[in-house]
Structure formats: structure tokens, C-alpha cells
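Next, two complexes with chain A in common: one pairs it with chain B, the other with chain C.
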Partner chain A sequence: MKLVTFVSDYKINVDTLDRLKPEKLGIVLVENGVYHATTKENGNPSSLLNHSADYYVLLNDLETRGLTADDVIDSKVKVIGFGDIVDLIFNDYDKTAWL
Partner chain B sequence: MATTKLGFIIQRPGYKSENQKLALTHAIASQSVEIYLDDDDEVICDVAFTGDGVLNCIKDQKALENYDLSSTESHIKMGLLCDLNILVCKEDLEKFGLSKSDIVIDAEEFGADVEVKVVPFEEINKMMDDVNHLLFF
Partner chain C sequence: MGKLTIGCFSSLVGSMTLDWAVKLSGAAIEKGHKVDLWVSGNATMLSIQDQRAFKDYSSLEKPLKELMAKGLNVTACEACAEARGYNKDNTMEGFKRFSMDWYLASTFNADRVLHIGGE
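And then the complex of A and B:
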């Protein structure tokens, strides 16, 4: 399964993401999920970035929260727009999940 | 003369829900209830951002440009315009590597006289102790 997962919260109370084992995993950080890409707590980046996955963050949701592409702390997280999300869903992944 | 003090505590990030804007809107609205009160009565509101809620205070939010939404930043500025006492937890800002220069501090463009205060949690605790009613968002 090629799965793209949208993470829309900063604090996630479920461990679904840890238990998923798709052949290819994409994680798109949207809404308050964008803080995973920009925020360190007590100097530590989010553990959500430790998965073996392709990471993306939505620029519109960064900007909405007063953040920019320059605030993304890990270069493995690619900053994308809505059009790119459509391309990912239609071209690169079979299924989508929303956490 | 009776003074009722309200304390609004915002502890979650914004936009995913309307909670933080509701808190600010309620606090702002409380300043317009005087017409329903007896002459000597008043309502005073304090607003405090704690925990992940301090992320609401990051400046230069472009919610209007991206989603045609009023930003939490503009709500905070409206609160300042209404002379609300707005506090931001210093320790929680530092936890995220943020400082006073990263957040909304004033609303000079609207003519507000008061500023957001970055304070230790101890001071927010004191505020919570002082108010008659606490509302958590």
C-alpha cells in the first residue's frame, strides 16, 4: 500500500501512525500539524519526524500561523502548496488517511 | 459597587478550532455589557496564553490572505484596543524557543494603549487566583 497521511494536529493522542507499515509512506503536515515541521520543544524536534517517510508541509497553513518556509527546521520536510497535494494524491499514493 | 473579574486561559493552538478566537471574542464582548449592568457594576477580563496556546501569539499571521479568515493576531490586537490585560507565559514561550520579538506585542496601528505582557507562569497563577471565574479554552 502506498499511503499518504495528513497530520492536522500538533498533539496527537493516537498511535496509528506508529503502527502503520505501508510500503511507501507520505506525511503531509497541514493545519496545526505544521508545528511539527517548525517547532522544537525544549530544544527537541518533533518525534513525528522520525518515521521513514516522505514529509511535506503546506505553505498556506504555515503562513496562516505566522510562520514561513524558513521556519521549517528539517530539510527533509518539503514545503508545498495545494496543487502539489493534489499531485501527490493522484500520482504517488493509492490511499489517503487523516489523523 | 461590584466588580466581577473573569480569567480566560487559552492553552491550545488556534485555527484547528475556533476556541482561541471564542475566548478572545468573549473577553472583548465582556467590555460592552455595561449597558446591562447597574451603574456601579463592572466586568474586568484578563486573558492568558499558556502551554501550546502561546503559539497563537506568533506575529505576521496571514490567515486573511490564505483562507479569508480573520487571524488570531487581529483578535489579540482588538483585545488590546479594548484594554484587556493579555498575558503570555514566559516559560512556555521559551520552551518553544520563542521570545518577545516573535509574538504580537502591541496594536499601535489601531491606537491601543496597552501591550501584551510576557510574564512568568507564577504571575498567571496569581491572576487565576484573583479572578471570580475562570474559563479554559
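And then the complex of A and C:
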């Protein structure tokens, strides 16, 4: 199964992602979840970036929070728009999840 | 092209998830896909007509009507709406109201489903 997971919160305290074992995992950071791509705590980037997954962050939600693509601290996180999300949902993955 | 069913169970104020679901619906329609949008719980407030648009405040009536004109199929949970005092008289034209089995039926013949839970 190819699963794309939307992470919509920064203070996520569930281990759902750890328990997901799809054949292919995509993680799309949206809404307050974009802070995982831009924020360091005690000098460390978010541990959410440690999964073996393809990472994306939604530019619209970065900009809503006064952030830009330049604020993304890890180059493996690709900056995308809503149109790209539609393509990911239909072309690259077959199941979705919202956290 | 395919069909995307989105279920959104969140509130309008304080959570931008409903705005997000409407934006995603627009992007999918723009790409030629068919979209069913189901709203439940506090998100049923989306169905109320004549909501006042304030600056810097979420207001989805206008973009929603534009998307409905482009084929967006949007339905509110009738029970959740009625439980909140939203009845037929103040429901936006074109905004359907059904019970939950409409949503289930929609997911069964969708190519993709995105269920956005409530807080």
C-alpha cells in the first residue's frame, strides 16, 4: 500500500506514524504541521523528519504563517502547492490519512 | 481523471481545516477531477447561507458557490446540521443534506478518499 499522510499539527503526540508500515510513505506537512519543516527545538530539527518517507510541505500554509520556502530547514522536504497535492493523491499514492 | 471524496469534520473558527478542504476541492476540480465534499459536525456551518464576510476572517460562501458552479458536489450531515439549528430554510442553495450513508456511498465509488477528522 502506498500511503500519503497529512500532518496538520505541530504538537502531535500520537505515535500513529511510528505504527504505519506502508510499502511507500509520503508525509505532507500542512496547516500547523508546516512547523515541523521550519522549527528546531534545542537545536534539533523535528523528530517527525526521521521516518523513511518522502516529505512535502504546503507553501500556502507556510505563507499563511509568514514563512517562506527559504525557512524550510531540511532540503529533503519538498515545497509544493495544492495542485501538487492533488497529483500526489491520484498518481503517487492510493490511500490517505490525516493526523 | 478521477473522483475524490473528502470528508471534513471540523469547525470553521479556530481551525482552518474546513478552509483547507475547500481549497483542496478547488485544486482537484481545477485538475479536472470530480469532487464530493461531505461535511459533518461543526463543519456543517458551511451550509448556512448569508454568513457575513469579515476581513481577515474565514468566509467560504463565495468560493464555495464558485466551486459548486464548477461541479463541486457538497453535502452536509442532516442530523449534525439540525442538531445545531441549521434547517432547510437557512441552507445555502445547492448544498445538499443527507444522512451519513451518502458519505459512505460516495467513498465506495471514489478513486481516492481523504477523511479529515474533527478536533
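Some observations on this one:
Assume the second predicted complex is superposed on the first by the 99 of 99 C-alpha atoms of A that agree within 3 Å, B and C clash if a C-alpha of one lies under 4 Å from a C-alpha of the other, contacts with A are read in each partner's own complex, and residues count from 1 in each chain.
Quick note on the criterion: contacts are C-beta pairs under 8 Å (C-beta built on N, C-alpha and C of every residue); 3 or more make two chains touch, one makes a residue touch a chain.
Source: prediction; values computed, not measured.
When the two structures are aligned on the shared chain, A:96 is found in touch with chain C, with no touch to chain B. Look at A:31: by the touch rule set out above, it reaches both chain B and chain C. Judged by the touch definition given at the top, the superposed model places A:39 against chain B, while chain C stays out of reach. By the document's definition of touching, neither partner reaches A:49: not chain B, not chain C. Residue contacts after overlaying the shared chain place A:66 against chain B, while chain C stays out of touching range. Looking at the shared chain after the overlay, A:12 reaches neither chain B nor chain C. In the superposition on chain A, contact is made by A:86 with chain C only, not with chain B.
In the three-chain superposition model, chain A touches both chain B and chain C at residues 8, 31, 60-61, 64.
Contacts from chain A toward chain C in the complex involve residues 6, 8, 30-31, 60-61, 64, 81-83, 85-87, 89-90, 94, 96, 98. Listing the residues of chain A that touch chain B in their complex gives 8-11, 31-32, 35, 39-43, 60-61, 63-67. Interface residues of chain B, counted against chain A in their complex, comprise 13-16, 52, 55, 58-63, 65-67, 69, 71, 73, 95-97. Those residues of chain C that touch chain A in the complex are listed here as 2, 4, 16-17, 20, 23-24, 26-28, 30-31, 33, 111-117.
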